[in-house]
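Report on the following structure.
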Amino acid sequence: MSSQDTNKRKLMMDVRRVEALSDGIFAIVMTLFVLSIDLPAPPQDNADEVLRESLVNVWPQMKSYLLSFFLLGVFWVIHHRQLHFIKRVDSGYLWINIIYLMLVALVPFSTGVLGDYSNIQDAALVFEFNLLCVGLFQLAAWYYATRDFRLVDPEEFDPERMRIGLKLNLIIPAISLVAMGLSFINPYRSTEIYILIPLIIWLLSRRGVSNNRLAGSA
Amino acid sequence: MSSQDTNKRKLMMDVRRVEALSDGIFAIVMTLFVLSIDLPAPPQDNADEVLRESLVNVWPQMKSYLLSFFLLGVFWVIHHRQLHFIKRVDSGYLWINIIYLMLVALVPFSTGVLGDYSNIQDAALVFEFNLLCVGLFQLAAWYYATRDFRLVDPEEFDPERMRIGLKLNLIIPAISLVAMGLSFINPYRSTEIYILIPLIIWLLSRRGVSNNRLAGSA
Amino acid sequence: MSSQDTNKRKLMMDVRRVEALSDGIFAIVMTLFVLSIDLPAPPQDNADEVLRESLVNVWPQMKSYLLSFFLLGVFWVIHHRQLHFIKRVDSGYLWINIIYLMLVALVPFSTGVLGDYSNIQDAALVFEFNLLCVGLFQLAAWYYATRDFRLVDPEEFDPERMRIGLKLNLIIPAISLVAMGLSFINPYRSTEIYILIPLIIWLLSRRGVSNNRLAGSA
Amino acid sequence: MSSQDTNKRKLMMDVRRVEALSDGIFAIVMTLFVLSIDLPAPPQDNADEVLRESLVNVWPQMKSYLLSFFLLGVFWVIHHRQLHFIKRVDSGYLWINIIYLMLVALVPFSTGVLGDYSNIQDAALVFEFNLLCVGLFQLAAWYYATRDFRLVDPEEFDPERMRIGLKLNLIIPAISLVAMGLSFINPYRSTEIYILIPLIIWLLSRRGVSNNRLAGSA
């Protein structure tokens, strides 16, 4: 038995801690941006008018918060599904995952830029480029883990599933590229195409069901 | 065996990660609002008087913090009890839970609005509407999971329990509607009726015990 | 078999989630205060002098941060030890734990007050009263859980251990009362007596060892 | 059987909670610094130029964020590997770990100092000294846990591994000392030598493989 095999078996149980760190970072990133949405301090008089106006003014920030929570939810669901099949981790996977989490942790920053400067193309590009990178590293993690059954169990892992996982992981990078193109036309609207994601996943999953292939991964 | 059955069994163990993300988000949401309660920087002289006055002035914020911590505690206990019976998760449940967590993550925002503008009706309405939505999604999650034993185990799950769970989940939406009504009369006091919750749960649980029904869920 | 017995056994496995929420809140509370220690933005010139002076000026804040991290560490170790013996949770314990966590979550606030107004008695009293309350609720949780073996396993739980646990849980409330007394003489120094805690625990544990009693709890 | 042996076996399962607290603190520390990277509020006109300029201006902060995320990633991977071998915890280890986490929690502060005052030697020294201390406590934890097989299992723990672990844990303290020396020549560049870490780990692991020794720990 090669030392690499031993190594792999030894690290098998540590998937749990990778999940713990990842869940912690997702929880924080999903939650904290909302703390930066501040209303002005209440004035001495006509506080009710000021409040009503402030609630209207935070809408662009609230909109970018809801969008980024939704996208982080998509990433988390895909991450959740990846680790469902991964039985062990090695140094390579740990580091791909750490860089992935670093990019995830930048999402509140780029969401904030988008919320404050929602009409400016550069803000949309920062946000969309961040998501493109997150998506590409999630794709890389899947490819690294499943290629030659490196971190999955050959007995319960259908090679077809790798191909389906790759497709699933290509959705966000592909949409991000389209959004970056659209930002040259209308920066404010370009980020809205991300809401097509559930439709795309549903279409993929319908085709998958008819092929009796996607069961369990949609 | 249908592919849906396989899917369900495969995802059975992943309840743990849904709990991890949810616990992380609850921990952050319950903790962080307190960070936004700031005292003014200490002045050069008569710092003791300034401090005493500041401690009095933060009371409306502190009150809304304690109220929201208590309500998040109620939600967490109910969430905890729901997942106790749920044996597997599917995409539908994951997404109901993610939207639910998104609404939970907005609680610090609406608590902050309430703390800053405690006398204004709109602030009370924002807070109470947020809680109404959280409660409705928690109800939806329970209905989705237990309807036709979708995510629970028929052998250990008494259908009567579903009905009790629905009642339990209706408490916060119902109180929120009453509070929204009361906010037209007295916004500042309208949020205080939430402290009736323990009394209502206790009354429900007493009736339940006399029926030999609620055991295990109160 | 009474319905209460069934209830207890059913909730047995949920200790894990109480730990997860508690660990999350401890992690946040221990970490985040440091984020509020801010240096002024760098000026255009003589930035090195400004930095050196700023680093000296943050010392009172840093000191109160280190103190509160240490005290939260003590609470966490005791909490950790309590849950080691607790085999199931019920509604009563859940709520004592939630109020306990609410008081823990106030520690960054009272630490901030102490850091900003370190020479004022009221600030010391706020901090010490907060710790007194945390300690009393930790004591209450232990008493509730072990009284009549409510949440512990009679077979592996020595009644003597309950008494030792009570003593351990009395340390912080007792020191807090002494500190509140000392704050009338010297507010700035009154908080420093908390650093006697390791000495007290060590003394208790030495006496315990000679009695062959404290083994496993020190 | 000595009472110490009993104690050790009893605390065996609690490694899990030490991991939970540590993962929580790492998740927060890795994520939150990015929240402090703020762009100025958008001005009334020429917002696009202001945004572009602001994005350039945040580069020193972003650079120190990326560096500290990477270094925290290194610490987390080493911590992850340590606890992989540790089968039980005792009071001594708990407290070394809590002080270690206290120093980890200071990293966002020293990263912020470095980001704001990137050209000043004192800022580089604060950052590098913080990392030196974190590294030394991680080394102490490993030495404490493995010395005389105190917290590891003699049957599955090769003494050679202790020596390799010590070497691994010396990397960051050693680099920090070099960086502190370099800061006298060029503070801004001195922190960049940390990016040699992967190269050093790779070199160590290559030598280890040729000795058939490092398998499983690289």
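Per-chain residue numbering starts at 1, and chain names A, B, C and D are given in the order in which the chains are listed.
Convention: a residue touches a chain if its C-beta (ideal position, glycine included) is under 8 Å from a C-beta of that chain, and two chains touch if they have at least 3 such contacts.
Keep in mind that what you see is a predicted model, and the values were worked out from it rather than measured.
Its C-alpha atoms superposed on chain D, chain C is turned by 90 degrees; the angle is given in steps of 5.
Between chain A and chain B, two chains of identical sequence, the interface residue sets overlap only in part, with shared numbers making up under half of the total. Chain D has its Cα centroid 25 Å from the Cα centroid of chain A. Under the contact definition stated at the top, the residues of chain B that touch 2 or more other chains are 20, 23-24, 27-28, 32, 35. Taken in their complex, chain A has these residues touching chain D: 3-4, 6-7, 10-11, 14, 17, 20-21, 24-25, 27-29, 32, 35-36, 91, 94-95, 98, 101-102, 105-106, 108-109, 112-113, 116-117, 119-123, 126. For chain C in complex with chain D, the touching residues are 19-20, 23-24, 26-28, 30-32, 34-35, 37-39, 41-42, 47-48, 51-52, 55, 66, 69-70, 73, 76-77, 80, 83-84, 209, 212, 215-216, 218.
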